[in-house]
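Shared between the two complexes below is subunit A, which pairs with subunit B and subunit C, respectively.
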Partner chain A sequence: MERVGNLVGWQDIVREEPGKRVLLNGNEAMARGALEAGVHFVSAYPGSPSSEVTDVLAQVSENFNFYVEWSVNEIVALEGAAGASFAGLRALCTMKADGLNVAYDFLTSMNLGGCRGGLVLVVADDPFGHSSLKEYDSRFLAAAAWVPALEPSTVQEARDMVKWAFYLSEQIKGPVMVRSVTRVSHSRGIITLGDIEQTVREADFRPTRQFHTFTRFHQEVRERLKQAEELFAVSPFNFSFGAEKADLTIFTCGPGWLYAKEALTSLQLEDQVKIVRPGTPFPLPKQFILSHLNGAKKVVFIEETRPFLEEKVLAFYALHSENLGQIKFYGKATGHVSGIRGPECGEMNTDIVREVLIGLTGRPYHVPIVSLTKEEKKSLQASLPPRDYMLCPGCPHRASFWVVKSALALEGNNGIVTGDIGCYSMGAMETGFNLFNTLHCMGAGAGIAGGLSKLGAYGFKQPVVTMVGDSTFYHAVIPALINGRWNKANYLCIVLDNGVTAMTGHQPHPGSGKNAVGEEAEVVSIEEIAKSLGFMVKVSDPFRYNQAIQDVLEFIRMPGLKVLIFRQPCALAASREQKRRKVVVRQELCRGDACGCMRFCTAVWGCPANVWDKEREAAAIDPAICVGCGVCIDLCPAGAIVWEGDE
Partner chain B sequence: MKVLPKGAPQLKEEVFGPGLCTACGGCVGYCPYIKAVADRVAMIYPCNCEEGQCYQVCPRTLTDLPFLRARVFGERALEFDKFNQDSLEAVLGVCRALYFARAGTAAGNFQGQYGGVTTALMRYALTTGKIDGALLVGGKPAQPRPVLATTIQQVDACTGTKYAALPTLSMLYQPTQNTSCLGIVGRPCQVTALRKMQQVGAGAAGQVKLTIGLFCFWSLGPEFIPWLIGKGLGLIDKMDITVDDVLFKKGEEAIRQNLAEIRSFIKPSCQLCYDPVAELADLAVGSTEYEADWNTLLVRSRNGEDLVKEALQQGILEVKPYPKERLPLLKQAVLAKKQRVLQALKAEKERENSRVGYLNLSPAEINFYLKL
Partner chain C sequence: MQTESLLKEPVNLIITGVGGQGNILVSEIVAQTGCRQKYNVVVGESYGLSQRGGAVSSHARLFRHQEYGPIIPLGKADIIFGFEPLEAVRQAVDYGHKNSCLIINSHPVYPIGVRRGKNKVPSLELLFKKLREIVAEVLIIPATKLAGQLGEAMVQNVGMVGALAGSGCLPFRADSFIEVIKKVVPPKARALNEKAFYLGLEEVQKIKSLK
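Up next, the complex of A and B:
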């Protein structure tokens, strides 16, 4: 039970009694919600900011006797959860926004035939892309799939909504989605623990029951949505705040509710402005919305990412404008609500709300803290280093990138590298030597490589390499490899095998030999899979720089599709397990800024533990973070970096 | 020596970019930015150093030949304004003696490419302690690799010509295993690079006391070995370019191939090479294109002369006069190459009158060749 990552209160979830108030983050609260609903089956693919929901449930599954798995990808996870639901059990499936796309084919199909036991899908969006490559709004996907969606604003609500979603799902006999965002999943709040549902259910899938996907079921889904809307209308999740009657009304969803409230309080506008907070964006309860549009003159929309609520409300207004009179709308679609990235991009915050309110009310506002002039702001911004992504000290990906960078330079002919999703997406950035030419979604690298390699007839001669993570390999690369084998593609697939799904918090994967709850599990070997598909396969160690380059060169030149596995445990995971040897710099040998090095270790190699000692004008090692991988020892041209004791 | 204040960006632009790297290895292994694997050399990451050693030692950046000749041969520098068409040195460079030569009876038991002069001399220098290591190219023609030989057995294992261009000079940046006096066998471009390295004190270049340059009109680029392997010739023991074809030998088996196909692998850098006979070496060795068991041996420096004299006395070497009727052929071959290159370089870009392309030559030298 060691692997707890950034969980704060998971132990309280198990230890504390109902009625107790505990500090949890939003993901832990959603896990608690599932527990209180008596969840039986949990499956997920990790992805920030959603991972901790299942991380926590995996920790506590022993105590509560339910099933938890990390699945190989999101669609498999959702299919598994649906199986449990078909058999009458309560099932939870969690994923990040990107994962919803992967699961979407099944979600849209399964929603037609519906399900039986409560089936709840938690999808966490990442506005601003704090830990994602794209920011987008899964409410639109819920709507397109005709799946009812709830959207919590607070940690407490996150728990309440997940719990209630099981009830709703069983009422309407279809899946229900809970949309979280980073600021809900990762912020902390006090919640009061509720009772845990204790009813024992037996899984039984009656042979006469059928869950099918046919066009005619669309009518049923439509009815289900009507039912959901009715239940939403009487749920506690839609409410208003502030002035009873007001010209100026804010419609808000998700964490926008907190920003709106804070902005109102700080501007002392509580008695002049009304806030309307629907927690059930799809299907949006029409009467609730219309009743609050009634009497409003100006309406402001505050929500995360895209104008979902805004568009729905505008559509209601369009149908009822005769009764509602003239209303002016201010939102993202209208361009009025906008952060530094402009409307519809980036994250919402209190300042954005305040700015809109000041504009509309003319209410003076004195920034309570020190106010900065424009120049001061500018110079402050200039002094802040740009946000730079960094691979961890001793990260094997850095070595892998350097190996491939070197090999492709040596091979010549402008080799192309197609990248993929994971920590190693940093291969598209400075810290990864700007190696990747393409970066899209899980599995895309191999598919693109396959396509490129078929362009010989059009004169394409460049070598093509794709770099994929181990977890990504299982998740989405295998079909692309089979396709490549079948269609005689010609590229090199390098699998970066560090033994875990590192980016999302070191969850195990099919190659780890452990499952979600820490039991021993069969290792599904990457090399065995690749070999069985008929590929030339070799395992190489990216820390052995020269050998690894030769392996890449040898494999690039072989015809057809080849698989090279760069195996080296994730530095973070490994450094937890073993004590590493200490590395030091013999500063008298260091060439520093001079030709012959040009500060290679700090300026190019870029391991955060390679640091510059300004006083001595020489490189040094930060012993606090060096994990002792020893790679910089081999790369230092002056032999200045050595193992301690070898000086 | 004229040294331009240029560095890695210019090396990339002037040498790597246009494909003019000869794979000499002079810039390889000193810093982390330039790397070689087998016969490939590349700058793997942009180093922004504006004044760099790589640029200074490269045989394809500004090369001040008169200066280097003077450094190696002192007073015997070439005086092109006094040469006429028959002058031997005008075409072949500084030359104290020219022979047909081969390994003598006391040289030892090995099979050289032709007369085995190169191996015989390196062996001898090593046994007599004149050097304690020899930088050679070992392995079979399809698996060549740089070797720092410190024993006779290791020297013997390096006989035979490998037509791939190996960046052997890179080994001068690796901490040598207790060697202090080195001998080196190299292609002419490597000899030039070595001299430039000695000028700037790069790596262990200062340790090199004996330089045997091979005659070389071209070497083959990195696509050659995969081609060889593709032809099923990956395990051949010997390769020889004859007058009209290429001969591969595997044990007793002999396979002949058309020269034209192999020519397509000639490195672009060789098309602009001004020095087919290792002008800056102590000794230059080539084939005779006449008698298969003999070499052409050109004695250039005093150092080289001393070694040859001693080797003759000891029966390590055997020589006979260079046949008079062959001399015009040799001179014509070298002359034609020099003229071709000068014209190509001149056509490429007209520069100040003492500079043609990467070469810094006296106006007299330029005139001498272009007017012949």
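Up next, the complex of A and C:
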């Protein structure tokens, strides 16, 4: 079975017949939902935890004859999808929460003029930040943009909601968002496959048709939201569970639904507590909510990231409190529902729900943990060393970081390094020598570098380097470079070109030479773009690190904005394709701690393949993971690390 | 196909290790095996940044009746299946209970803080001894070493699946796992993975027969 991105079992989305139960992850299920809705056009920029929706659709597009692209960024992706919708086709656009910000200018504009063919946005939030720098609640952005949003609790519902969202979008003639979270997108569960709709449609865009953004359309959007609320109210996505009438009621969205259910079971409270599960957080169906507030004395909110549902329900209550009587509310805004990081941080789980319920009901519960006293547990945990992220064995970014660190040390003027988003965000961590001074969002590093370099009049004299990924270069860096050229900025932009969008599962980008479906594509050359903007440009190899250091020094010392491209393929991608030469340690040359290098290869350089052989008290190479980049051969001060055969 | 019966409901299994050890493939194998035995399955996974050398854990839950969420509650993991001993202990302390079964690859992957000399590593022998005092069963498998004998240390993960199959912790026969392994592993790697599986299986049987 061919691996796609992070997925091994993806082929089940098309291999099995309708009616079959198959194991899919949430993203595969959403891809299946789009397939079943007969999607015609798919565009996306990858980002965890959303990437696999489009990863798998790209794999099956040929069989089903629809169009899929990885776009250069999220706003271009959404604009493309809107084009298809304007022509009457069904379009899907997927992104991670951060990407919604990029697409947001267009989303808020397009929503005013509306669209035609079903247009569905899948936005995947990442509560706890498993693979993101920030936690984000895109429901607030859906509400601010006046875009209806659905929120699945399970993998099955993820499929159902994406499919239904196309229908809703065509009913209201506006875009619809499906908000997923990591625990839906990256959970596997069993779903029953539905029929795949054959929606053969001709692209139909008549010259008389207009899709414009004008303020006067605001009333129409309000009407559209009313219509969405009515359709939500009769949809299968809002339901309740447990006690018919209960003093204590849980309102929950997303995966919280199953946590709440398990918490009730574990406390044997099923017949005393009611769970209300609205699957359509915006616009929240008012009558549904009010009918369940009626009779409740205490209401608990369980939802991911921020108190969105909580605030909406509180607002309804404020308007109807006279009829509803006294209700006490327990949620994130009130501070009652909290994980270890605090009320609005991290993700929900059954333990959090159970603690709240124990607090409100006094039910006894014995956590069946291992038999350790609190002190024993603490000391056992303290004895375990923490595990920070690490760049892969042979990762070219490690070499690039070392080159820049060395060059700036040689330059000696307290150089500043601004970072960016990708695997190389680890330049802000121990594994990247804590090199980055700033780290924010895609493209930010170059903009900040430009700003810093204009502070000469205020006494700022340090050299400024920004390090950006190749995919990031295309996505968000080019405008900052143009700005820098125009406004005479003075910094060095280093593009870390490893040939793919590595972090999110090795999707191709404009420089990869192929597109989403694996066809050959024109290479949009980073150096040609940079040259055309008038910059001094050089391509350098971070594995030839002495030369690379010289290149950095030369470029830093030149005035103006310069672009240096560090080109080496991603070690993970390269190791899948070919095994390179073997690296070994010449034992007679490695003198261990007597060398005086302070175990440079393991303690400083820190590639996971450089290991310390405790028995021999000397350096060694772990052949299982070494990819043969050979950088440590150049770095070992004793010359003890060599290519096999060169001993 | 005869359905093999589940001992309790739900059965909670944590698959833990370090990013890059093939955790996702294994959670796929376990989940697919459960699914083929007509169980409902949910697995909560982590990947993305966490795949880059960080600690990763997948929570897999098998059940027949009530549907469960993708995160196992504290103290509720029946099986902790660790590809890396330090991570296995970390999970056992929070999620294990006195009847848990721990199946652990003995080969440590040291965190960067240890490699840099900032953090110390506890004695694995003492850790395992402590674990034996607090949970029902601890099976230490030299999975990386066994995989090394096959010339490919990466297949330690499927070797560990063999150990899981042989441990009797899950009510699935070895051939149920093998069927799924054949399906999810690329054709050219099938023979190697099957060998790794049986090495793990034999190893755990050896350990159990000594008890």
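Going forward, the second predicted complex is superposed on the first by the 630 of 647 C-alpha atoms of A that agree within 3 Å, B and C clash if a C-alpha of one lies under 4 Å from a C-alpha of the other, contacts with A are read in each partner's own complex, and residues count from 1 in each chain.
Going forward, a residue touches a chain if its C-beta (ideal position, glycine included) is under 8 Å from a C-beta of that chain, and two chains touch if they have at least 3 such contacts.
Predicted model, so just to flag it, every value in this text is computed and none were measured.
Asker: Clash or fit: what happens to subunit B and subunit C when subunit A is overlaid?
Answerer: By the criteria stated at the top, subunit C and subunit B fit after superposition, with no clash.
Asker: After the superposition on A, what does A:639 contact: first (subunit B), second (subunit C), both or neither?
Answerer: First partner only.
Asker: One more residue to check, A:351. First (subunit B), second (subunit C), both or neither?
Answerer: second
Asker: Return first, second, both or neither, reflecting whether A:431 touches subunit B, subunit C, both chains, or no partner chain.
Answerer: Only subunit C is touched by A:431; subunit B is not.
Asker: Just to be sure I read the superposition right, which of the two partners does A:406 touch: subunit B = first, subunit C = second, or both, or neither?
Answerer: It touches subunit B, and subunit C stays clear.
Asker: Specify the partner with more touching residues on subunit A, choosing between subunit B and subunit C.
Answerer: Looking at subunit B versus subunit C, the one contacting more residues of subunit A is C.
Asker: Applying the touch criterion given at the start, work out whether A:114 contacts subunit B, subunit C, both or neither, answering first, second, both or neither.
Answerer: neither
Asker: Treating the CA centre of subunit A as the corner point, state the angle out to subunit B and subunit C, nearest 10°.
Answerer: For this superposition the angle at subunit A equals 90 degrees.
Asker: Applying the document's definition of touch, where does A:391 land relative to subunit B and subunit C: first, second, both, or neither?
Answerer: Only subunit C; A:391 stays clear of subunit B.
Asker: Minimum CA distance, subunit B versus subunit C, superposed model, integer angstrom?
Answerer: Value for subunit B versus subunit C, nearest C-alpha atoms: 11 Å.
Asker: Just to be sure I follow: which residues of subunit A are touched by subunit B in one complex and then by subunit C in the other one?
Answerer: 604
Asker: Which of the residues in subunit B end up touching subunit A in this complex?
Answerer: Answer in residue numbers: 7, 30-33, 35-37, 40-45, 47-49, 51-54, 175, 222, 226.
Asker: Taking the touch rule as given, give the residues of subunit C at its contact with subunit A in the complex, in rising order.
Answerer: 18-20, 24-25, 27-28, 31-32, 35, 40-55, 66-71, 73-76, 86-87, 89-90, 92-94, 96-98, 100, 109-117, 119-122, 127, 130, 133-135, 144, 148, 152-154, 183-186
Asker: Provide the residue numbers of subunit A that touch subunit C in the complex, in ascending order.
Answerer: Against subunit C, subunit A makes touches at 1-3, 6, 8-9, 21-23, 25, 48-49, 130-132, 154-155, 182-183, 186-190, 255, 257-259, 261-262, 265-266, 347, 349-351, 354, 367-372, 377, 380-381, 383-392, 423, 425-426, 430-431, 503-504, 599, 602-604, 606, 608, 612, 624-625.
Asker: Which stretch or stretches of subunit A touch subunit B in the complex?
Answerer: 405-407, 409-412, 433, 546, 549-550, 553, 557, 595-598, 600, 604-605, 635-637, 639
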